[in-house]
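To start, the structure under review is shown below, and the notes come after it.
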């Protein structure tokens, strides 16, 4: 084996630009799907709170699908399957405008929404039952008690789970490579196949993922500690 | 002030409240006592409609709480005018003590933030906890939390206060501090309805005792008469059970 | 819909066992073999790692904690690439995609499973360890006879969940040409070319059915274990004495 030589990788501007592009796409996919997932999770939770049985079953079915089908398969279904059902000019437009990344964001965002909504739901269930009563006894309306008493506590309860799933989402961005998004894992493979410096390139990619994941976990721990609700009696 | 007239409540086939006819007069302190399962908690929870009644009428300060217009915002307004203190305190853990007290006057009554916070601090001083304004509920003892809960209810300036076994969840040494606050309230002329097992408090502070069993009020009497010579045999048995330990 | 049934009818053998006997075993069979062996072999590793992480010996605890954090912080795909590169280099001869995938799964699922086992161990009341020590058990004795039997039994549903995750993780073998179910579906798609939605729909539904069934089984197992931990029912008199003032309401919700 050749001695460890990072310079061989970093002295080549093409390799560096490929890796930087990869990092850019990784963050693009992560941020896009995180925002989509959160927004959709809020909507799903709102629907779940409606008294209709159809609403409950619809959301439960949505969550069940996204939890039982592997993420890679969901990505493939969107990118290979659903894109094929779209009208031709839309397909052409997507092909020109980073369609792979768009589908990756949609697929990962929809999947993540299922997990986030379940986390929020668990957080909601963990709020002590007396809280709603106390809020109502003081005269707060349903919306008021949700806004000022129940939801703030539900979100605080959900923070550890939300952070965990966010880290998972960050790692899942690597799956986008299977549908051709030029994110970091894809870039690592490309640079490795051209430079033959497998160990060094892999190490760079691994280190990046590790550092960001650990940062996310640390930020989550700080958030959780700051907003933790000690069990009220 | 609080008038029960032919009030009935069922949980399915179970008759939880059976033809309740009684009145808490303005400025009166009524203690409701009785064995477990007698319906006393259910009774007090019907007053601010945490429980619904199936028949009869319930009037609070002249307002029929069952009126059809009592839906949505009218219901909330009605509730905000009756103070309720829970057995398990139910303070809001994500808010400081001061914010627990000030939140509802601001959001429900539309008070100005500064006024609400000033008043909250005054109430905290009244219950003896001014130095805990910035603390969070989890940092307080049970007795302290319950006193904050009382201050929180008082912040809405209700004409009447309801207490649902306020000291039952407290360690014995903290019961006194809460009863003291309640005593002071009673001396100041607050209309109070209390469900409690604290017979010493009942004897000293109550104007009337309502004894309940199996959903019915079996006896109402003034405390002296009740504790010296209860009329109803069930009440006699209840008091002798209490004394025997 | 008709085309979906047609595709299944034409290709069910490929989806089931891949190109066997004209190639390695593939399809659902390969997926299940990978998952089952992956989790079974990961299990002893996970127990060892969990014991290391709860051990009072720092030289054992820290490296293992480091290993688990690294495995949790790096995407599975990246770990697969590492194994694909390192395994042949270490063994001195080429390694098939299947073997690479299996080894990666053992390591990856082993680390995640060790967190489950660790949670089970730490959830037991301290009194269990104290009683074991008081009776004179050594470390391995009390782990073997008292702590682990309880911890593992309590965590059975979580371990089953990890197995379901493993099934989903096998799909990543596609990237290194492991001939499991996702690979088979892609083969079909590359042949047909005109019905990608139907093909991937079949793929998604297949995984859904397998994982959903296992998830339902996990719920049933959870209920069974919870009931067993609660012990038998209380006698009627004790139950009545425990009941408080308010019977369970059947009335309207508060909100």
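Residue numbering begins at 1 within each chain, and the chains themselves are lettered A, B and C in the order written.
Here is the rule we go by: a contact is a pair of C-beta atoms (placed from the backbone, for glycine too) under 8 Å apart; a residue touches a chain by one contact, two chains touch by 3 or more.
What you see is a predicted model; the values in this text were computed from it and never measured.
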- Message: Counting hops between chains that touch, how far apart are chain A and chain B?
- Response: 1
- Task: Report the most central chain, judged by the distance from each chain's C-alpha mean to the global C-alpha mean.
- Result: A
- Message: Counting C-beta pairs in contact, which two chains come out on top?
- Response: A-C
- Task: Let me have the rounded angstrom distance from the C-alpha centre of chain A over to the C-alpha centre of chain B, please.
- Result: 48
- Separation of the C-alpha centres, chain A versus chain C, in whole Å, is 21
- Task: Express in whole angstrom the distance between the two chain centres, defined as the mean CA positions of chain B and chain C.
- Result: 52
- Note on the structure: Residues of chain C that touch at least two other chains are 254
- chain A residues touching 2+ other chains are 133, 136
- Interface hub residues of chain B, defined as touching at least two other chains: 50
- Query: For the complex, which residues does chain A have touching chain C?
  - Reply: 1, 64-65, 67-74, 76-77, 80-82, 84-85, 132-133, 136, 142, 145, 167, 171-175, 177-178, 185, 188-189, 198-199, 202, 205-206, 209-210, 213-214, 217
- chain A-touching residues of chain C, taken from the complex the two chains share: 69-70, 72-78, 81-82, 85, 89, 164, 167-169, 171-172, 174-175, 182, 185-186, 189, 196-201, 203-204, 207-208, 211-212, 215, 254-255
- Query: For the complex, which residues does chain A have touching chain B?
  - Reply: 128, 130-131, 133-141, 144, 148-149, 152-153, 156, 227, 229-233
- Item | Residue ranges of chain B touching chain A (in the complex, touch as defined) | 48, 50, 72-73, 76-82, 84, 86, 88-94, 103-104, 107-109, 136-138, 142, 145, 152-153, 156, 169
